[in-house]
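Structures for review follow.
Each of the next two complexes has chain A plus one other chain: chain B in the first, chain C in the second.
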Partner chain A sequence: MNYAVETKDLTRIFRVKKRRRRRSESKGSEQDVTALKDVNLRIEEGELFGLLGPNGAGKTTLIKILCTLLLPTSGKAYVAGNDVEKDPYPIRRIINMVSGGETSGYGLLTTRENLWMFSQFYGIPSKEAKKRIDEMLEAFGIWDKRNAKVRTLSTGERQKANVIRGFMTDPSIIFLDEPTLGLDVNASRTIRKFISDWVRETSGRTVLLTTHYMMEADELCDRLAIIDEGGIVACDTPRNLKKTVSKASSLMFEADYLRDPDKLKGIEGIQNFTYKHNGQMNRTLLTFIVEDESAVADIVSRIVEQGAKIHSLEKREPTLEDVFVSLVGKGLA
Partner chain B sequence: MKENLRTLLGAGWLGWQMEANWTDPFLFMIYSVAKPVSAALILVFMYIVILGGVATESTAFAYIFLGNAFFIYVGQVLFGVTWVIHEDREHFQTLKLIYISPISFYYYIIGRAGSKILIATVAVVVTLLFGIFILGIPVDAFTMDWALLVLCLTVGMACLVSIGIALAGITFMTAKHSGGINEGIAGLFYVFCGVVFPITQLPAWGQSLGYAIPVTYWLEAMRKALLPAQQLEGTGLHGIENFWLVALLAVSALFFYFLSILIFRLGDYLARRAGKIDMTTAY
Partner chain C sequence: MKEYLLLNLRALKGRAYPRVVGGTRELSWIFFDTILPLLTVAAYVFVYQYLGSLAQGPQKEYIGQFVGYVILGGAMTAYWMNVLWSMAAQFYWEKEIGNLQLYMIAPMSRMAVLGGMAVGGMFYTTVRAVSTIVIGVLIFGVTFSLGPPIYLILVFLLTLIALYGMGMLFASLYMLYGREAWHTSSLLTEPIYLVSGFYFPVKYMGAIVAVSASIIPITLGLDALRQLMFTETAGIHGFLPVEVELVALAVLSVLFLFLARHSLRFMENLGRKTGRLTMRWQ
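Moving on, here comes the complex of A and B:
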């Protein structure tokens, strides 16, 4: 069976230049960065598949390999059955890519001209391309910016135009690398809704979405892979992933600023925990995944031992963040 | 074929927008005329200063002037073609988006080069008109060899674009030095290809190098086409018949064409392996 995307022991190592190695005190091989390590993934046609992980986890590297921008160091990657290394051209006919947080585009061209030009590289007849572009500009609420030079667009408008560029070619498989990064709530919502509608509108359309926004992954994805330090640590539907921690409880404490939150590690019954300091409020927010709620007494006493007062305690339903914390042992932020 | 044509036209249109859209049309027209005339005047004044008077030796002056005029193509095309990679990757950050589109990147670069050739043609024509009508270069439309001009101009452009594409392949792997590579190669051609002095003035190894570069034959062919009856002697190519000159140009151009494909593919592969297609370094 041909999968939309399939990887087999996919590994990518970025070599550090020899000159830099000599300057470094550590040995050469230790300078190499392993961005992906033995990644095995299968994404079926028609899936909206999410790749969830923190910055530097390897999400973008995987997208670059699948888009034929980068070669793997070892292992194999296939897009619609085509080897990314040996057959990049058939892949390029059926894919497109949108990255978030970018300033790409020819600033001297207008929004419409910029999009039209890309449409020509995908062989869309000019008249048809202009029609599609106008429809999408309207759908994304930037019709009034059609004749504005790209350089004058705001970040959100530019990203919407970027999303239009990716989708207007009607790819079979689209790679979205953090498409809502740095956008405001409204722009993010528009883009998320479009992605969700697009993939379900016609069967066979596949989306690979990378994100570090848990809510986005939870809302959009049929299946998710959690990636950390170049490796896949879990892969399932959001529901099933949450079930893995459903026996556990997620407890959120808000306490006075804790000087040494790591002292809370090692309490019996705690599966994992994360914390965030809020300097402005002089408080610490702690999230515990506990297997046994009797651990609450110990947690409270350890916090109080540090001279801190607990302001609130909340028990939540498990979220993808809890799954992530439970599997990786740290938060995404 | 249709796809490649579409790529050529799309890239050509983009290149033209980039070249011509940075200011209003009137200012662009002034710039297009003033730039080549100013460049030609630099050479004229240097010639006058060195000779201590006006340009009295018309054959030598015509040799220098025409060589310099047609060298505009070399600078524009070589620099322009390689700059496409640098500009798209670093400045506009669109290289990766074009790279993953289902086009031949080779044709994309040729399309972008088309606009450079057009701009360079305007500059060359302005320079030639300035030379003919103001400086008295004896080019006569009725006596010049039009067939040789059109044939060699076409082959020459194909050759320059090929060399540019080879440099573009190298530019895939570089960021900081891409501008220097283009200018360095153009500078080498300026010295070794008989632009402002015959290659016979060079040491033996320099002459051998000059004979290996198609630009040498191309410039000589351009001069022969425009001034068939007034050729400077002792250029090293003076006695060669037009047929052999064209043949030498064609053979060397063909060699550079295949070399450019090889270098471009190698550069493409190495850049993809090293992850440099979407590299941004702020250079």
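Moving on, here comes the complex of A and C:
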């Protein structure tokens, strides 16, 4: 099977100049820094795959290797079945990349001209390119900035234009390196919605997204890999990753006043259960810790049996932050 | 094949575009690229006019021609500056602003990007060079005695192709360097003015210097252009016959384009190995 992205024991070591701590140390000595260590990943076509990790974890290095900008020190990386080392040209035809905080293009060109220029590097006929650009400018809400010079755009507008640059070439695989970095809530939401819609719109489109925003990873990604110090420490769906932290979920019911809540004890699958009466509202608040969510049906029927009506049901699951902390032993910040 | 050719032609057009429209977006070039170079030209013109006033007989006439040589040389300096700062050092800037990595992940040939930079640069600079000549001629009253137009066009085109081919070679060599590229361009500015004979015929630098300087296409190009635009004194101040210079320029064009292509590929691979195609923070 051809994966959209596949890496086998991928390692990248950078040789960097060592900082002199003492005058006696020789000038210009070098040391090796391992940015990626034996990374094994398989991303299927059509997946929206996330790489979650702190700064310096190796996310950008991995993207650079997959985009053919950097060679692995050892191991292999394939994009759509093509070796990044030996066959970079077929890869470049089907990929694109957008980085957060990017300042690409030329400030004296207008937004539209800048995007058109990049479209030419992919051989898109001018007429077709202009049509796509106009549609996307409108979709991102920056149509009114089409004739504004790029240097006059705000950070959010500029990043939206960058995202348009990446998607307008209609790549099969797109690499998004922290695409919402430093953006306000609205700009981030627009970009996230676009990414999510784009990948679902046509089958076979693949997104590899790096981020250190937990909420973004949780909201967007089909599967996630947690990366730290160059190594993958976990890889699964956000839901399964959260389950690794705690197999139990917490369910909170707000129901009419229950005369005998203790009757709810003993339902199979319940790990723990507490309740609290709210006399003023004439309601009972019940909290269940369940190992198996199929217990919900029994809980509901027992409450209803007592003639009470359920007003709300809230489920709280462990967050990705909890997963990250439990795996890496530190937070993302 | 046709598709790949179209892709590269479009890429070339795309990269040339910012340079072509650049002139209409920032009109400050009229002052910086036309008026300021004319001040340098004027200094040489006044020196030659003074020497001309002291000379006697035919020498007086020859020195009079030098005013035209200086204006032509002043116009051609625009190309040399463009090659040094907007070709050779360009990839350094492109890397700084994050464009280089986007060029490198795109499917077009990297030569198309360099070609676009060159074509755009030629257009941009020709506007400035022509402006310098027109203003210079109007102020100092230079008269031309033109040779065969076909030669003139050929010499001009081959000079630009060879010169920008050299710029493409420099661009690829400088690609992985930062401030070193900047310093090298600074280092190459003034000495080349001198040895390439921007303000006087290169013949008077002596054969060894003139031959050595001929590796820079503008040396032979300028010499041939002077011979073809001031035919009356061509035989006196010309370094080599125009036909020889034409052939040499054609050879240099092919050589520099060939070297640029190979060094670009080599430097790209080296950059991929060492991780220097992008800034560390990108």
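One rule holds for everything that comes next: the second predicted complex is superposed on the first by the 248 of 333 C-alpha atoms of A that agree within 3 Å, B and C clash if a C-alpha of one lies under 4 Å from a C-alpha of the other, contacts with A are read in each partner's own complex, and residues count from 1 in each chain.
In this section, a residue touches a chain if its C-beta (ideal position, glycine included) is under 8 Å from a C-beta of that chain, and two chains touch if they have at least 3 such contacts.
It should be emphasised that the depicted structure is a prediction, and the values quoted were computed from it without experimental measurement.
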Task: Look at where chain B and chain C land on chain A after superposing the complexes, then choose clash or fit.
output: clash
Task: Quick one: classify A:106 as touching chain B (first), chain C (second), both or neither.
output: both
Field: Dominant contact partner of chain A by residue count, chain C or chain B
entry: C
Message: Is A:118 touching anything from chain B or chain C once the two structures are fitted on A? First, second, both or neither.
response: both
- request: Tell me which partner A:71 touches in the superposition: chain B (first), chain C (second), both or neither.
  value: both
- prompt: Given the touch rule stated above, what does A:252 touch, chain B (first), chain C (second), both, or neither?
  reply: neither
Common interface positions of chain A, toward chain B and toward chain C: 14, 64, 67-71, 89, 92-93, 95-97, 102-106, 108-109, 113, 117-118, 120-123, 165
Query: Which of the residues in chain C end up touching chain A in this complex?
result: 3, 6-7, 10-11, 13-15, 17-18, 21-22, 25-26, 97-99, 101-108, 113, 272-275, 277-278, 282
Task: Please name which positions on chain A make contact with chain B in the complex.
output: 14, 64, 67-71, 89, 92-93, 95-97, 102-109, 113, 117-118, 120-123, 165
- prompt: Which chain A residues qualify as touching chain C in the complex?
  reply: 14-15, 60, 64, 67-71, 89, 92-93, 95-97, 99, 102-106, 108-109, 113, 116-126, 149, 165
Task: Spell out the residues on chain B that touch chain A in their complex, using ranges where they run on.
output: 3, 6-7, 9-10, 13-14, 17-18, 21-22, 92-94, 96-103, 108, 272-273, 275, 277-278
